[in-house]
Each structure stands twice: as C-alpha cells, then as structure tokens.
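Input: a single structure, listed below in structure tokens.
Chain lettering (A, B and C) follows the sequence in which the chains are written, and residue indices restart at 1 in each chain.
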Amino acid sequence: MIDLLGYGAFFMSSALIFGLIALGLNLQWGQTGLFNVGIAGFVAIGAYTSAILTTPDTADRIGGFDWPILAGWLAAAFVTAAAAAFTGFATLRLKSDYLAITTFGVAVVVQLVALNAQSLTGGPFGVAFIPRPFASLQDQPALFNFINLGVIAAVTIAVYLALEHLSRSPWGRVLKALREDERAAISLGKSARSYRIQAFAAGGAVMGLAGAVQAHFIGFIAPNGYLPTLTFQVWAMLMVGGSGSNRGAILGSVVVWAIWVGAGAFSAAVVPGDWQARAASLQIVAIGVMLCLILLWRPQGFFGPNGFLGKRRS
Amino acid sequence: MSILDVPILDVRGLIAGYEPGLSIVKGASIHADEKEIVVILGPNGAGKSSFIKAIAGLVPITGGEVLLDGKDITYGAAHLRVRQGLAFVPQTENIFPLMTVEENLRVAGGVLPRAEVQSRIDEAYTMFPDLARQRKLAAGSLSGGQRQMLAVGRALIVHPRVLMLDEPSAGLSPKFVEMVFTRLNEIRRAGLTIVLVEQNARAALAIGDRAYVLVEGREAHEGRAATLWDDPVVAELYLGQRRHA
Amino acid sequence: MNLQFIVDGLISGSLIGLGAIGITLTYSILRFSNFAHGDFMAWGAYGTLSVIAAIGALVGTTAPIGALSFGWPLIAATLIGMILTACLALLLDWLLFARLRDKGQSIIVVMASFGASMALRSLLEFIFTSSPTYFSRGIQMAIPIGLGIRITPDQMVMLATTVILVTAMHLFMSRSQTGREMRAYSQNPALARVVGIDTARVVRATWIIGAALACAAGVMVGILVQIRPLMGLDLLLPMFAAAILGGIGSVPGAVLGGLIIGLSEAAAVQLIGAEWRAAIAFAILMAVLLVRPMGLFGRAER
C-alpha cells in the first residue's frame, strides 16, 4: 500500500514537472502565440545550468561549483531566459515560422553541445550526483517521495499563481491584445516585438526552471533525456489541456503523462521482448495522431475554461 | 431592356461578407446588358468593393444569385468565373510584381489553346503599346498607370464577356484617368460589357450608360448615367453627403 | 587543407539543396514551414527500398550498371518511389493540412506538420526498426581526379543527377504554364484566382514536386550514406537554413543555399571536427536572420 502511494507520488512528481514545462509553453504559445519547437533544448539548458552549478567539484569536468540547490534553480531560469530572449530577438521581427525553425535549431545545437562538450556536460554519459532536495531523508523512500512531490507541487503552484497574476496584469492584457488583434500589434510597433520577446523569455525561464527541478528530482541527466520527443509530449499536453489556460496546461500534463506511462506499462506487459522498441514507436505515432486530431476537431482542448462546457468552437 | 431580354450579368439580392453573420453586402441587385457600361457609385463604406469582389468570387456569398448569361454562377470558384467569361481587375495589387510584363499576360492564358496565347498577348500589346516596349521588365517596376493597363490587358486575354473593374482610376494622374476611360469606352464598343466601381463619379458617369448608387450594402438608386449627377434623390443619398463632407 | 572537402561538400550540399526546393516551394505557395518534409525523404528512401525488394522478388538479382553500386531496378524503383511519396504528401494534405489551411492560421499548420512528422518518423521505426539499412553493401573504389581529390562513381552520378533535376526544375518554374501559375500564386493568391488559375491544381503541383524531389534526395542519401528513419530529421535544419539563406520562394536560391551549407559543413568537419557538423547550419541560419533575413535572392516579407 505504502509502495503504491509512493509510486503515486513519484508519478505525480514527474507529471507536475511536465506541467511546469507546459506552463512555460502556455505563456509562449497560449498567451502570446509564439511557436516553440525547441522546448527540449530550453529544458536542457536549465537542467545543465543547475547541474553544473550545484554538483560537487569533479576532476573530469569543468564546473561542480557546489552551489545551493535554490541558487542553481534561479540560475537555470535566468540562463534559459537569456537564451530564449536572444532567440526571440533574432526572429520576432520576422514571420512566426522563423521562430519555429530557429527554436528547432536551438534544440539541435543544445543536444550537440550536451553530447560533445564533454568537459562541460559530461558528453553522452551526462552529469550524475546532482544533489537532491532533502537528500538526508533518502533512506525513508516513501517519505522522501512525498517530500519531493511536496517541493515540486510547491514550485508548480507558485509558478501557476505567478502566471495567473501576470495574465491578469496590464502586461498580460497587452499580450492578449497582441495575439487577438493584429491592428493593436501594428499600432504598438516596435514595442510589440519587445513584449513578445519578454513573454518568450519568461516562458523560457519557466522551462529552464522545470528542467532544473527535474534534474534535481532524478539526480542524473544525459543528452538523450532531451530529444524531440520531449518537445512533442509537452505540445500534446498543452493541446489536450487547452492552450491559453494555465489550469489546462497542468491537467493536460497529468492526463497525457498518465496515458503515456499507462501505454508503456501495457505494452511492456503484453508485447514480447524483441517488439518492445517497435511498440514504443507506436506510442509516439499515437500521440502524433492525437495531436493532429485535436488540432482538427478540438483546438480548444479539454480542460481549459472552454473545455467541458464547450462554449466556444473555433 | 425589354422583358424578354436576358441581361448578360444579373445579380439578384446578393448577400456576402468575409465572416459568417457579418454581411457587408446586404441584398444588392444590379444587372448589365450587352455592350453596356454600368457604374456603381456610393459613399465610402457602402460595400461597393466587397460587392464587386463577391461577384468575382473573392468574398464568400451567403445569399442571392449571380447569373452570367442566364447561367447560375453564384457559388462557382473564382477561377471558373473567369473561364466562363467574367473578368475582374482588382483595385490594388493587381499585377504579379516579380514576373515580367509578358509573363503576367501569359499566366492568364492557361485555359486557352496553346496556339492562341501568343496572338492574344499581341492583341494586348496593340491595345497598350507601352506594354510591348516593357515586355521583359518586371511588372513591379511599372508606374501606376502602366500597371493598370497591364491589369486590364491581362483581364482581356481570355476574351471575357463582362469586364469588372474596382476603381480603375484610383491613384492615377488625370492624364492616365482619361486614357483609361477612353480605352474602356473602346473596349465596350468592341462588344464587351463593363461594370465598374468608381469614386471618381464624374469621369465614370461620362462614359457610363447606367449607374447604381450603393448605400449600406444595398442598391438605393438606379438611373441613366447622363442624368444621375443632377438627380435630387442621388444628391440626397450620396452626392449630398459628399458635398456636405 | 585537404581539398577533398569540396567534393564532400558539393555532394551533401546538393542533397540539402534538393530537399530545400520542396521546403521553399511549400513555404512560398502553401505558406507554412513543413516540418514533415524531412520525413518525406525518409519515406521516399524506404518506399524505394521496398519497391526494389519487390522487383528483386519478381525478376531475381540484376547486375549493377558499370562501376556503380546499383542496377536498373534502383532507377525504376526511385521513379515509383517518387510517385508514392507524392501520393503520401497529397494524402497528408487532404487529411490534415488542407483542412487546417482553410481555418486560416498558418502557424497551426506548422504545428500539425510537426505532429505529422513525429508520427511519420515513428511509423517508419515501427515498420523498419531504427537500425540503418543500405541499398547496397558493396564498397566502391574512389577514383583520384587530381589535387588530392577522390570521387566514387556513385558520387559522380549523384552530382550529375542533381544538376539535371535542378536544371529541369528551373526550366519548369520559368517556362511552363504550371510553373508560372505557381509563381503567380506565391506572389498573390487572390489575384491568381482572379486571373483564372485553379489554385487547387497549384497546391497539388507543389506537393507533388516537393515530395518527388524529397524522395530523390532521400534515395541519394541512402546510396551515399545509409537509410535510417531519422535521416530526414537530421537534414531538416540544414534544409530550412538553405531555403532561408537562398531566399524563400527561390528555387535556384535553395540550391545555392544548400551548396553553401554543404561546403561549410564539409570545411568545418576538417577544421573543427565532425561532431560539430550539425551546428554549422544553425550558425548560418542565425547569421542570415540577423543580417539579411530575406536571404540571397529573396524579397522582403510583407
């Protein structure tokens, strides 16, 4: 029983970390209409930043500054925000497609750096021994799981409340106007671009923070944790939840993560060993098809303000 | 028009708009007979441009009918209307700027038999000798008046039965305005029916046979072009507004 | 510096360029960045591979042509593969892209192409597994052609094929009525309808050409390197960078952009190491976006 609860806590922790990334994406896409195809890259920037800053000193790698975890998280958010701001600065005066292509490129390059800049990132083996919060409780697994869930839930709630507050602030209302009324965007001119860059950077900060939180939750990171599949999962989560809604972003993440984990467990139990890898591919196919079906038939998602009520159809 | 005659273009109670439920054209009717120049006037925001674009198939139609030579083309695709003989010259962006003058003409000949395309292009050059001299130039480098000529020349490539124009004189110098209207009159004499929307009421009425005044998406008045200018009802509807303005 | 990088760069550059033609046409005519374009390459290569297997089952083994690694079945299969890939693109358009285009938000179409790309790629992994496969496992001798440069017969034929395809494309776009209609539509879709152009036909032609060229490029990658489900994804960033560098909408620009990126990559492999190859396209992309976003032959975005 306690094992089951422990697993439940572990599952929710993973799901909420996705929820956190989805919150960042919702600020970029849902609130501002900026299309980010390089989520995995921004999450990785946050994860590696915090990992490098907080791990104890090691001989074979630059870094290992032994910073406190919270400082690592803040630095992760800050560095990722800077990367996102630069991406936005280079592309946001152009058509939206250029941002999409560039973010895709960011993810490719981050992956490349993670793999090849061995002296900084540990290369394919990644960074291990990332300090975990409340590590002293590690010998009581159930309690430790719940404490972790508590920490992650606290971060998620804090970010959620901050984003809710932001979206109702004058700043958030400008973003809404920019997204919905092209004339407003044109009349704001140059400052429209600056608002978009701010939103993209703020969303990036949330993604970077999520990457850092995840790194410290698992205690280990490697480049193959930041493949395009991650980007894709987060998109599916936001679209299922309902883009534009912070609540939808979190609920969508929990639901899609449950489907993902459930499908994985199901195929592990049913599919014979040598077909496992193939079954995993089908899992991605299914999510891809789901994403397309939602775009076609239910672009407002399921858990946003227009979800179950279904008032608005666009 | 006698009762037995079928007008070549007959638009009845047209309702059209870009978004469902937001009609800009609200039940407008006009008709045009063979070799007639019909002028559509109206105050700003009356829906003149949307009306003529709807007839051309560029603004979604939600009600009413468009008959070309008795045939219902209300819901046909824009490119099919051209092939059926209803040509349209938009007001702005009416040429392909990165293609040469000749390519602009040639691209409109897609439905013609291959052998005929060149002779049709030569016809356009005969009508507008300026274009012949600039055939290899990018159309984007032409002056406003030359662009208008190219657009008209291109619309005529398929030998349409009805030529519709949206404000052909807009932005042109008086010299070009006169030339454009002279050409349109020649085109009409050659057998075409012309429907044009115009702000420049005097110049248009001078060559027009009949005219409509469009107000708030409906035709509010119809009359002979020659006498329309002095009609007190029209003054009230449109010219009055303009004089007060 | 070893001049061999010129041959290597020209070859990978022509493959990137062939793929970028489809990207640039899709962008300028259908008005969206198609993230599934790389997957057309992979699907084309696997489709061709399957047709070769079918031909092999029907007529038995065939001898390769001259010094090349492949025989006539590959040529025939590539032509069939191009048709199949075009059908795949048209099917995807009918099921997905056309419906979303009608709703008018182009960035939603981009997102759909991203979802479709993931699904297509994983479907290939499901059918063929993720381990690489080859059209031929034979080793080709590279022929020295002076200045320390060597080239294999396959590479020579691929370069020649690229020149032929690109020339044919250029003539098609500049001389044929369909090519003119495609250019007209890319400049002003509404005016294209006004001058009697059947826009559905233009859209079909765009998909067919883009997908067929993607298949050809995919087969060439398969011949010169290997066939993997991820092969298209790996080329996606270089192809986007080539299309933007050349100027969106320009076919010669896309090819030139591809060659520049291919040569830069090959030079970078020599100078800083093969592991950083993929970063070159990104560096060029960023430089273009910051300095001259309309590209070499492009026009300013409206």
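Criterion: contacts are C-beta pairs under 8 Å (C-beta built on N, C-alpha and C of every residue); 3 or more make two chains touch, one makes a residue touch a chain.
Note that the structure is a prediction, hence the values are computed from the model and not measured.
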Chain whose averaged C-alpha position falls nearest the assembly-wide average: C
Pair joined by the larger number of C-beta contacts - A-C, B-C: A-C
Separation of mean Cα positions, chain B and chain A [Å, integer]: 55
Computed distance of Cα centres, chain C from chain A, in Å: 31
Rounded Å distance between chain B and chain C, as computed from the means of their C-alpha atoms: 43
Residue numbers of chain A (touch at least two other chains): none
Chain A residues touching chain C - in the complex, by the definition given at the top: 33, 35, 37, 90-91, 93-98, 100-102, 104-106, 108-109, 112, 115-116, 228-229, 232, 235-236, 277-278, 281-285, 287-289, 291-292, 295-296, 299, 314
Of all residues in chain C, those that touch chain B in their complex: 177, 180-181, 183-184, 187-188, 190-191, 193-199, 299
Touching residues on chain B, where the partner in the complex is chain C: 56-58, 77-79, 82-83, 88-90, 93-99, 103, 106-111, 154-155, 158
Chain A partner contacts - residues on chain C that touch it in the complex: 27, 32-33, 35, 96, 99-100, 103, 106-108, 110-112, 114-123, 125-126, 129-130, 233, 236-237, 240-241, 244, 275-276, 278-279, 281-282, 285-286, 289-290, 293, 301
